[in-house]
Amino acid sequence: MKKKCFIFSLIFFMACTLFLGINSQKIHAENKVYKVGTDLTFAPFEFQNDSGEYIGIDIDLLNTIAKKQNFTVDLKPLGFNSSVQAVQSGQVNAMIAGMSVTEERKKSFDFSNPYFIGGISMAVHGDNTEIKSYDDLKGKVVAVKTGTVSANYVDKIKDKYGFTVKSYDSADALYDVINVGGADAIFDDYPIIDYSITKGKSLKRVGDIQERCDYAFAVKKGTNQELVKMFNEGLKELKQTKEYDGIIAKYTSNSSQSNDASSIDESTFIGLIKNNYKSLLSGLEKTLILTLVSFIFAMVIGIMFGLFSVAPVKPLRMLSAFYVDVVRGIPLLVLAFFIFFGIPNITGKPMNEYIAGIITLTLNASAYIAEIVRGGIGAVPVDQMEAARSLGFSYTKTMRKIVLPQAIKIMIPSFVNQFVISLKDTTILSAIGLIELLQVSKIIVARTLQSSEVYLITAIIYLVIITLLTRLAKILERRFR
Amino acid sequence: MKKKCFIFSLIFFMACTLFLGINSQKIHAENKVYKVGTDLTFAPFEFQNDSGEYIGIDIDLLNTIAKKQNFTVDLKPLGFNSSVQAVQSGQVNAMIAGMSVTEERKKSFDFSNPYFIGGISMAVHGDNTEIKSYDDLKGKVVAVKTGTVSANYVDKIKDKYGFTVKSYDSADALYDVINVGGADAIFDDYPIIDYSITKGKSLKRVGDIQERCDYAFAVKKGTNQELVKMFNEGLKELKQTKEYDGIIAKYTSNSSQSNDASSIDESTFIGLIKNNYKSLLSGLEKTLILTLVSFIFAMVIGIMFGLFSVAPVKPLRMLSAFYVDVVRGIPLLVLAFFIFFGIPNITGKPMNEYIAGIITLTLNASAYIAEIVRGGIGAVPVDQMEAARSLGFSYTKTMRKIVLPQAIKIMIPSFVNQFVISLKDTTILSAIGLIELLQVSKIIVARTLQSSEVYLITAIIYLVIITLLTRLAKILERRFR
Amino acid sequence: METKILVNKLVKKYGDHLVLDKIDVAIKEKDVVCVIGPSGSGKSTFLRCINKLEEPTSGQVIVDKFDLTDKNTNINEVRQHIGMVFQQFNLFPHLSVLDNITLAPIDIKKMDKNEAEKRAIELLEAVGLANKKDAYPDSLSGGQKQRVAIARALAMDPDIMLFDEPTSALDPEMVGEVLQVMKNLAKQGMTMVIVTHEMGFAKEVANRVVFMDGGHILDDGSPDQVFNNPKSERTANFLNRVLNV
Amino acid sequence: METKILVNKLVKKYGDHLVLDKIDVAIKEKDVVCVIGPSGSGKSTFLRCINKLEEPTSGQVIVDKFDLTDKNTNINEVRQHIGMVFQQFNLFPHLSVLDNITLAPIDIKKMDKNEAEKRAIELLEAVGLANKKDAYPDSLSGGQKQRVAIARALAMDPDIMLFDEPTSALDPEMVGEVLQVMKNLAKQGMTMVIVTHEMGFAKEVANRVVFMDGGHILDDGSPDQVFNNPKSERTANFLNRVLNV
């Protein structure tokens, strides 16, 4: 009995600590606080560094300006489209997300002065001395990403300069192809080219920047004018003090004097791990918290239904069987969708994705736990019940003193296995936008474009954790037999 | 022995039939074939009807024009953004997707003459006689969807007319709120308002159409000019013959004379089922095919590894244990991501999502099947092996004649259970874009906006199928004991 | 002497399967009754009806004036006076030998822990296992387990002891130990009902032998009468087969 | 008579646990040897080494001139001459009685199906079960199962039969049937090695009794000598306990 209590309080204690850990992460407010939307990942303008903090040209500019102008930024990395919506609905005050100024957007936004001039550029391999201008492209192969401004541009000029075009769907393929000699030159947004040079790609830009456009900070038309003013003034000051140049150079300079973590070459496996292990570990932590919290709730509900399923009262047994059959008969993701999308549709109130995720996992695991409890109790020979009853023990006392202590030993390995299954199931919740290990990996892939390496690392992390837990289950099983 | 053979050939036969079924769905080519991208679902311009065919203003216009102008359309519902990319990369010849003509887009697209004039409009409840113009909005509540042109527009005029604005995130919430009296008027794209009227919503438009914009058919700048010409000519003809008006009226007219299936009121549970059961069934069919095909492969691989795991040769046993541990130690979705995104990154060749899905499910299920086989053979008492060996049977003969026939009986219920698990797991593959039952439901939700009802129906379908299969497993278990 | 157990037209069915067919028996205080008979004849069922581990279909079982078939009888109280020893011992594997024996007295009789342990050690001495008090059941041999099971039943100070083939799961060498303990109990005047295949033991210890077959009692009398002069031909037949191996 | 089984310094260990400690035995044709001894003494292990169901750790087992401990011996061929009957019968539950018996002759000896079935029915008649040929094992009683198991072993026409406690899983009433079949086999001159606790049967049928304890053979002689005049004190002690229940 003592041991059990100990284990449960340990789990409870861990859950509490982790919960508090989450809550203490909120940002303290001072001065006037502005919520600013930004993109999830659009290097070098905004992306997460290895500690999971957002950095990049946009972020650094904004933070420096805020310090100078004495306001506080509450950054909301919502993604580009959601930021647009959030600005328009007033949920955030402004956005900064490598957003170019267009006539269409001016209808609904007020823009600051431009803080960056975007545009596209050609680049060739660092060792290439042959191509010095567009005129040298004759008979060469030029690669672009499909559907981009660069793709349009090379299409316009390809006949003039006499080169062939290869299109790639993903940016990583584009940057790989020039390394392996599959193309002689690429066209892409020049800040991205510069950024990938700082990341260790052997590239150099050739020719002028084309198709220039202005990047600016934006608020909803007619609102937050003082914020735009502060941004403009701060930006002016930064340009005067040359801090502006420092920030731009930090993310696009070839020299990369700054020796910070983000300068590690992420194109190798080791570099990738070095640079991202912190965010991967924080993803893993969230996965474990999600699993643990939902597992604790599932234990409570599951043990209850498990006891119902062996109760001498028929309606309780039927209720339990119904619950278990229904929950196990619905795929986890369907359950998640129903809870996350369907329930708000009924109640009219939006549902937080963490709550939806925890409810889903809890429901699912509780049904399996109920079955484990039923099986564990069933595995205690009826003999034991009879022996205790024949000594004069009542049903409940026999359950408590004789059957359950033996059943729990039988159940513990299955509980560990169910924990492993719940851990694996958390990945499914990435589909409703929960940030856990897999979602973190997706974000890293979006930034580094190394999908095979990143997903391999992710798979290995899961494999190690799950193998350890499975071993534990096997050891417990052997111990308890 | 005979019975087993029969079951296996039955499964095989079913799989073949279903495979052929898929292949025969391809469209026959004639004349010149143009690939045209469109949105996945943007009613009333394009959406799936209850048989899973794409219909809508765009589709009907395009098909009628194609008939008149003697070309053939190979429709590719890629979604709006992917269509843009596909046009630019030349993977499709053109796109029609409720696309408005903007200066920005004109840089990379050539547009046809506009076939529709979009814009936004106010609407009130059908019984509302109070609000006859914008002037009657004083003190009223107006609802809009966040981040839309309508939201911008009401923001501009709200002070002038003195109303309050409520923003909603989803279109269904927007249309519900006017029914329950939570708002007095809404603003939305007028074709969407008209379409929802044909779907049975009690609404009427009030006031003029604002913020007009042109919708047009688009090709990549400088390409497929003959197609644009044909489109323009066809459109002219349709307008002359009034066929154009018929098509527009079919999807936006209040009167809804046409008695086709799509006119069923989808706001009720029954209407929803009536109107979508065909596409749901086709989704279910795809789910079952995916499950069946991957299960058959998984049986082959799983039985092989299962036999390895009891073989008297140690390296085989170790290989099997390694395979099972690794596959079971990686969450299904991580495996799917690695295969779908990671492998193409290594090989450089894109991977079809069905193949990726089947590989994922096969790998996963085969590991569990290997364990079932190991367990089944382990459940045959060693006594049986000893009795046969002592009669002079060799190891392999004993396996074949004595152990396996008994083991298979023990395994069959577990195989059915594994089939159920694979069936549930197919839903996870919707995350890599596989079209199966859950994906079909998502598409229906996008069109009807009834997420709670649709996901409930989906859950019930899974529940029924899975309950039936689970019952079957239980019956088999009882029979074989 | 007084009637301890009165069984009256006892019928037990499992579904349609009639296992006990109107059994009438009266067992007196200090009786040692051995129940013999072929497999499936209903011996275990009969024994289990006496402490209501099986619910009788009809008829009456009266133990010490308590009518077990009466819904208002507190069966848990009656069971405290009836010790039962099972073929498979049924010790509680998660408890030490001492805890196995003291659990019920402490928990049900609210006996003081020290007193219960003192009594348990006395009982363990009586069955020759005082040195095993801290062992766990898994570390004991079959004969030792069965002797602990007997001590556990005796710890509740029952008036009646029921034994269901107490030696048939034991190695031949171990059988003697357990039978010896049972002999001692009989000498001390315990009322006992014993289902057994040990004819030698039945002859030596029982004052009454009951032969059952097909849910009926076919013979009932002194060991001498049943073994040497059976009333029914079936009994003679059975004894002939079992004794002349 | 000729030596059928020669066991030479046979040692069997499970890990560090020495179960058979340099056993030497020679069994002649038509010998009926009963092996007795306490539980865990290594009787089953000894028997199973004779047809190599257990791999000896060291020493030799020579059956009919075949050295089983030689890697080159085709063990499957040797086993065809050695029938074995198990305590738990080990019939094949997925086959009918007839198929249980004919499977090995047809499959291994390539015997004609009709001929094999004819022989199987003869054997079933010999054990008194000709009417059960189409039944499945689950529908048979313990004694019937064991008799089918004997018929199955005999169908391969073995020279030697090994029995491991063939009656200890049976109801007392069934024991007789099986022992009767074994007596007949002995009379027909089959070489037999029988592990048993049925001392009566050993006395009556065996021409040689071997007493084992702790992996050693402590007594080996005629039933009369071993039962009435045991060499070792341990034997006397064991017999005393088992016989005087």
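The letters A, B, C and D name the chains in turn, as written, and every chain counts its residues from 1.
Methods note: contacts are C-beta pairs under 8 Å (C-beta built on N, C-alpha and C of every residue); 3 or more make two chains touch, one makes a residue touch a chain.
Chain by chain, the UniProt names read as follows: A, B = Amino acid ABC transporter substrate-binding protein/permease; C, D = Amino acid ABC transporter ATP-binding protein.
These numbers come from a predicted model, not from an experiment.
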Chains contacting each of chain A and chain B, listed by label: none
At what distance in angstrom does the C-alpha mean of chain D lie from that of chain C? 36
Starting from the mean Cα coordinates of chain A and chain C, work out the distance between those two points in Å. 67
Per-residue multi-chain contacts in chain D, two or more chains: none
Touch graph across the chains, line, ring, star, complete or other? ring
Interchain pairs in contact, sorted by label: A-B, A-C, B-D, C-D
Residue ranges of chain C touching chain A (in the complex, touch as defined): 51, 53, 76-77, 79-80, 82-84, 86, 88, 90-94, 103-104, 107-108, 152-153, 156
How about chain A: which of its residues touch chain C in the complex? 381, 383-384, 386-394, 397, 401-402, 405-406, 409
Chain D residues touching chain C in their complex are 38-39, 171-173, 175-176, 179, 197-198, 200-201, 238, 241-242, 244-245
For the chain B and chain A complex, residues of the former touching the latter: 81, 84-86, 88-91, 102-104, 107-108, 146-149, 151-152, 155-156, 167, 169-170, 172-173, 176, 220-222, 325-326, 328-335, 337-338, 341-343, 345-346, 348, 350, 423-428, 430-431, 438, 441-442, 445, 450-456, 458-459, 462-464, 466-467, 470
